[in-house]
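Structures are listed in the sections that come next.
One chain, chain A, links the two complexes that follow: it is found with chain B in the first and with chain C in the second.
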Partner chain A sequence: MNNKTMNSLKKAIFDNKVIVMFVILCAACIIISGTSVSYIATEVFTRFGRNTCLVLALIIPCMAGLGMNFGIVVGAIAAQIAVFFVVHWGFTGINGLLLCVLMCTPMALFFGWLLGKMFNATKGAEMIAGLVLGFFADGLYRLFVLYILGGVIPFDDPNLLPRGFGLRNAFDLTGSLKYALDDISFATVLMVLGAILVVVAFVNFLYGKKVGQEMSVKEFVKKLITGVVVIVASVVIKVVLGLNVLFGGTRLILTDVALFGGIGAIAYAVIQFVLKRPKKGEKLFGNLIKIAVVGALLLVGTMIPAVREVYQSVRIAACTYGIIVFFCMFNNWLTNTRLGQNMRTVGQNRAVATSAGIDVDKTRIIATCISTVLAAWGQLIFLQNLGTFNTVQQQSNVGLYAVAAILVGGATVQKASNKHAVVGVILFHTLFVVAPLAATKLAGDSAISEYIRMFISYGVIAVSLAMHAWKSVKPISGERKEAEGRTTWGIFPCGSGKG
Partner chain B sequence: MENFILKMDNIQKEYFGNKVLKGVKLHVAPGEIHALMGENGAGKSTLMNILFGMPVIHNTGGFEGTIEFNGEIVTIDNPQKAMELGIGMVHQEFMLIPGFTVTENIKLGREISTPTVASGVFGKSLEKLDKETMASDTRKALDTIGLDVEEQAMVGGMPVGYMQFIEIAREIDKSDMKLLIFDEPTAVLTESEAERLLETMQSLAAKGIAIVFITHRIDEVIQVTNSMTVLRDGQFVEHLQTKDTTAAEIAQLMVGRKVEKLVDDDGEDTRNIKADDIVLSLKDFHVDMPGEKVKGIDLDIRRGEVFGIGGLAGQGKVGVPNGILGLFPSAGEIVFDGEKIDTTKLGDALKKHIAFVSEDRRGVGLLLEESIQNNITFTAMQIDDKFLKKYGPIRLYDNKKARAHALEMIKQLDIRCTGPDQLAGRLSGGNQQKVCLARALTMNPKLLIVSEPTRGIDIGAKKLVLELLAKMNREEGMTVIMVSSELNELRSLCDRIAIVSDGKLTGIFTPDASDAEYGMAMSGAKGGNE
Partner chain C sequence: MTKEKFKKAIDVIGLPRLIVFCFFIAIVLTAYFNDIDVPSYFSSTIKYWGMWAVLVLAMIPTIKCGIGPNFGVSLGIVCGLLGTLLAIEFHITDVVNGMLPGFGPWASMGFAIIISIATAWLVGVGYGRVLNMVKGSEMTVTTYIGYSIIYLSCILWFRAPFGAPEITWPLGGKGVRNMIAMDGSFGYLLNDAWGFYIGGEKGIFIPTGLVLFVLGMCAIVHLYFKSKTGLAIQAVGANPNFAKASGIDADKMRIKGVAMSTILAAIGIVVYTQGFGNLQAYTAPLQMGFICVASILIGGATTTKASIIHVIIGAFLYQGLIIFTPPVSNKLLAGTDISDTMRQIIQNGVILYALAKAKGGSSNE
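This part shows the complex of A and B:
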């Protein structure tokens, strides 16, 4: 028995060896740098909100067999172009941001369509094609912002274009789009959510009749009530003073989230247990236990002074985190549709998909388009959080960082999920924060930190890809591998033939 | 006028100027099992691809002829259309996705889904999958063919036999199935699984579904089919009722050509072949070559003879030379000239001067992007250090010597080319084959093994290649093993011919044994007159 647990533990570690390695690396860097946990936690939570949506944009193309989509750079470019115009026109806050979304979505769709076309022309080499196309798009974009904007297209704005053409190098969003999304309070998010629930219930009810998928009145009323309850709750939070302070502000304090989240999770688990009465061994049983345990851990955390101190220092932007959850839910939902199933089939085997009557090329283009649009939105979220960005080269490393993050989270070129993205962002950005600090400490020279950052992101991709390759080679036994090696040798029995 | 569900008439198809179907017809009646017989390359797969509307047909210029299905002339230009008509295909290579569950595989491309708000706006593709109905449908299909697996189990890692049945379940699950094509379904199955499959086919036929059964196994055809169509070299040979024919006749129809003399062998046979002077001996020889498995063969090759190995495609004859050369993993004992050959060491056979001309000329046989000269000399250079100048530890390519040798070979074998610098890939099939032979001869082999030496080359070049082999054997005393699916070719050149069926030796014959004897051996019956 003991041996068996040992073996399964060994297997678990081997299966997650990329994650394990980076956890160890992060821990080592934290210890060497001697940074306070509060500082790291604050940084990582901020970066999590900023970067996760971009990383989540990689999952759908991976599902469709396109590998890691380095081409999300074009989505980021679409977002940045939208930002220039919106700031120029003088829109600010959430309205400005929504206008950006409205503007960049068709652009991203068009870019995504072109990208998808190219991926279809370079089947089997999508990753390298995406990477190179990213560089190419980068060049075109620079031409656009440095010369065409103002030079060819009339664009009169002395603030943005000091020379009459060519955008200024540093683009400041303070006072316009900075924190446009982050500053939306939890109460407002709830209210919007409630409104969406009500609208969806109505649409479903009315539209369902038309296609014969009728929704029963009882179900409709149930959904309607849920929506209304959520709206009422949001109003209550806004009005009641104590709750207003906790949940009505622009940021949530992690302590409060942990406290209420913990209580909520335990309550949910208990209610589900009472209502559904799952038996031991069922999937639901295990899930509920997990939820309850996580809730309890969160609660316990608030009571331990050291942890509480960390909790207290972290601020969470409710709306941004809400959108991350929405992205995750979107990815999951898509998997469960006919389109998602087609994408998975195409990703697994194109020949089989064709013979099953699936339009492979079209499915791949749709996947690329979705990815590009998500990336554009992700870049908007990134920019509004950052507040100021480099006009010319902000988009350059978007693909690189996103891919590095998801690979650290245990994703492979064949398989990536929301879990990989979330875990990956946390680990990668922890490393991103602490590794330069640790290096500075060791070398005694702060100039090394920028170098270390570049080194990390490329190094991470190389190391995790190599480790995954190790994983996929493993199942072949030594003997068989040798035989295969010989076969390849046999095909090319000589070198160049010229000696 | 007999009632047919499928009538394909005068079907013609060209691939890049190469005619692979020359006016073929295929008539199938409802509820019957109809065998489609022919050797590899006879045109069976192309015919089925046409019927199934595969893109490979329409991307290469379409085809000529008519298809009448269920009494109506139809055009089938994509697989979807074929499915709508009620034509299903159980593929030879499994069209299954290992990472999917049984249900997902069976419902592939035909998922059941329910409308959602999003699908109302963006169309059917965003409908939500109805996994429960999909699972229950799957259960029903699995029960119909009596396969006892969980519908949510992953397909990857299942036994091959299960996969075959899942393929069938997928076709059965399609509503209104009228015609089912089985493309060599039993090739990968164990005996008991194959037996089950044949029973399933019969019960399906009893429900009125017509079945086209493609196979190489003649005993199965005799066992379950009602009628059959035989193709050979893209030509229609016969439409037969199974009850009116015999295994031997079928085999003969598939391979038998009128015997014509392929080699003008006027010279007197001065060879002295002794039955006890064995140059190569195989004992319990197994080769794990995909699609051409060898399952235990004992052979003794006499010094100085031309030994033929024949048999139908996929039965293992090609596995024998590939195993000896160590290109695929093998087991058993090979003794060559008193020495054992270690097949785990690459090139051991080559080092002992066994030369091999592969059946895969363009893949294994030649470096297509290299010159004729390099192709002729590289093996000898690698194995024997020929064409090398030595300067202490450094060895350089001796271009002068190699050029002289290449020119000599070009002249001797009459290779039609612009010169030794022409790329091998630019030559015609026959001349490429001569380059392969030239390379083998450059090694001064004690034993020459040629595999499918005349595949894909025209009749004139065929004769030249065979005569060259005869000359090498008669004049130089070289022992030759010739593996070929063309019986006629073997009979015109070989001293003895071994027939391999299902990876085992079924008999060794003299060239003048009757067609019927060869036919029986090819269909698996033990025989032999040697």
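This part shows the complex of A and C:
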């Protein structure tokens, strides 16, 4: 028994070796730098809200067998072009941001379609193609914002184009789009969520028959009530004074979130346990215990002074985090649809997918389009939080950081999930915050930190790509020699240039 | 019928090469009709062609052994920079000049090249082993290894315990400075050797030493691929399974190819540095890998086929374009320098075209 536990522990560590390595690295950097945990927590939560959506955009193309989509740069470009025009027209706040979304989505779809075509032309080398295409698009974008805008297309705005052509280098969003999303209060988010639930329930009930997803009246009423309850809750938060102070503002304090989240999680677990009475050993039972334990830990945290202090210093932008949850849910939802299943089949084996009647190329293009649109929205969230950005260069490292983050979270080129994205963003950005501090402490100079950051990003990608490729080559050269001969000769009768 | 022939001809020449070539001719003609000093720009083109040719030559061994263009030449570049820095650090020029006047720079450059070759061979063998583990996704892996190694070298340069006053920061402190003047060692050595003008002082300058060196390197590489080992490497690239069947150790040949590519890159950066007159440390070589890949592709190579002539043509066209664009765009677009953006678009466009033409060029299905 003991031996077995040891073995499973060993296996767990080995399976998550990348995560383990980075946790150790982060811990070492935190100890060396001697930074307060409150500071790190504040920074990491801000960066988490800012970056996670971009990372979540990588999951769907990965499922469709396209590997890590370095081409999300084109999505970011679409978002930035939309931002220029919206700021030029003078729209501000959430209206401006919604207009950005409206503008950049068709652009991102078009770019995504082109990207997908490129990926289809370079099957087997999508990652390098995505990378080079990112640079290429970067060049075209620079041509557009520096020379064509104002130079060829008339665009009169002395604020944005001080020389008459070519956008100014630093783009300040203060007073226009900065915090457009972050400044939406929790109560409003709840109200919108409730409204969406009600609408979805109605649509499903009325039109579900046509798509083959029929809904019973009972289910409809249940969903309707959930939506109404959420709306009522939002109204209650706005009206009741105590709750108004806690949840009415634009930023939630982590202490409150932990407190109510913990109570909520435990209550949910208990209610589910009582209502469903799952038996021991059942999967649901284990999940409920996990939820309850997490809830309890959150609660206990609020009572320990040191942890409470960290909790108190962190502010969470309700709407942005809500959208992250929405992105995760979207990814999960898509995986379970027919389209998602097709993508998975295409990702596993294109030949099988073709013989099953799936249009491989089309599926891959759809996956790329979705990813590009998500990336464009992610970049909008990123920009509104950052508040100021470099016109020419802001998009160029988007793919690099996103891919590095998800790989740190334990994803491979073939398998990536929401969990990998979330864990990866937390670890990668913790390291991003503390590694330069630690380096400064060790080397006594801060100029080195930029090199260390870039080295970490590129190094992570190089190592994990190499490790992945190694894993996928090894079994062939080992026990399945015969199979190797057959497959190689089967697919490439005259041999190919590459080994 | 003629249309088909035309299409076929374009296919053989390659669309991007045709576009780049026509573009180059157009730019040179525009320069000529706009009173731009064409001969002097031609002189720089030849100079930069010589400086880049050896670096571009480093693409040949990896393409021939089936790995594809080596995006990771940065490894060799870092080795070459190390060799050059050591030559400056030990004041080889002054020491040898003391014994044999006039031979100092040559000895210094020889020393730099020997050190570079030694380190590049070691690094290249290790790199080759890594690439043998990642068969099928070499291009992606080499790109990222190349990038990360440059930033690793930045960290190294930042802390490296060099003592020569030319290398360290003028205001004291550790580490290598951004730009190191090569005047005291072997700057412009090959460029100036036996150089002469065609058509008087205002004509085209031919850096004979540099041209001879480049042609010599090309000849060495050409002869190497005619030798037994070279043929074995090409056999592995053409068909690994046939090579295996005829008793060639494919993995070993691939390692040899990668090591040779790394060595050529190391020599290439030494030549580049002497021609540039300054040693550029830190992130300056970051995009060199991409430039080399783009150059050889413009010259007519594909991800699976390349020859010396592709190197010579490609390096010339690419550098010519880079050198002629700024003055022309300055003249035509009233003081704007569009050349860097153009370079980015052309360079990556050419690589993309080659990738698409090769259908990804990779067999990891």
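FYI, the second predicted complex is superposed on the first by the 458 of 499 C-alpha atoms of A that agree within 3 Å, B and C clash if a C-alpha of one lies under 4 Å from a C-alpha of the other, contacts with A are read in each partner's own complex, and residues count from 1 in each chain.
In this section, a residue touches a chain if its C-beta (ideal position, glycine included) is under 8 Å from a C-beta of that chain, and two chains touch if they have at least 3 such contacts.
Computed from a predicted model, the values in this text were never measured in an experiment.
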item	value
Partner chain(s) touched by A:Q348 [first = chain B, second = chain C, both, neither]	first
Contacts of A:N204 with chain B and chain C, given as first, second, both or neither	first
Partner chain(s) touched by A:G459 [first = chain B, second = chain C, both, neither]	second
Touching partner for A:L339 - first (chain B), second (chain C), both, neither	first
Which of chain B and chain C A:N159 touches, first, second, both or neither	neither
Which of chain B and chain C A:A129 touches, first, second, both or neither	second
Of chain B and chain C, the chain that contacts the larger number of chain A residues	C
Overlap of the chain B and chain C footprints on chain A, listed as residue numbers	489, 491-492, 494, 497-499
Interface residues, chain A side, partner chain C - complex	118, 121-129, 131-133, 135-136, 138-140, 142-143, 146-147, 350, 443, 445, 447-448, 451-452, 454-455, 458-459, 461-462, 465-466, 469-470, 472-473, 485, 488-489, 491-492, 494-499
In the complex, chain C residues that touch chain A	66-68, 71, 130, 133-141, 143-145, 147-148, 151-152, 154-155, 158-159, 236-242, 250, 254, 290, 303-305, 333, 336, 338, 341-342, 344-345, 347-349, 351-352, 355-356, 358-365
Complex contacts: residues of chain B adjacent to chain A	54-55, 78-80, 83, 91, 95-100, 104, 108-111, 113-120, 124-129, 325-329, 344, 346-347, 350, 363-364, 367, 370, 374-375, 377-379, 381-382, 388, 395-397
Residue ranges of chain A touching chain B (in the complex, touch as defined)	200, 203-204, 207-208, 211, 213, 336-339, 341-342, 344-345, 348-349, 351-358, 480, 482-483, 486-487, 489-494, 497-499
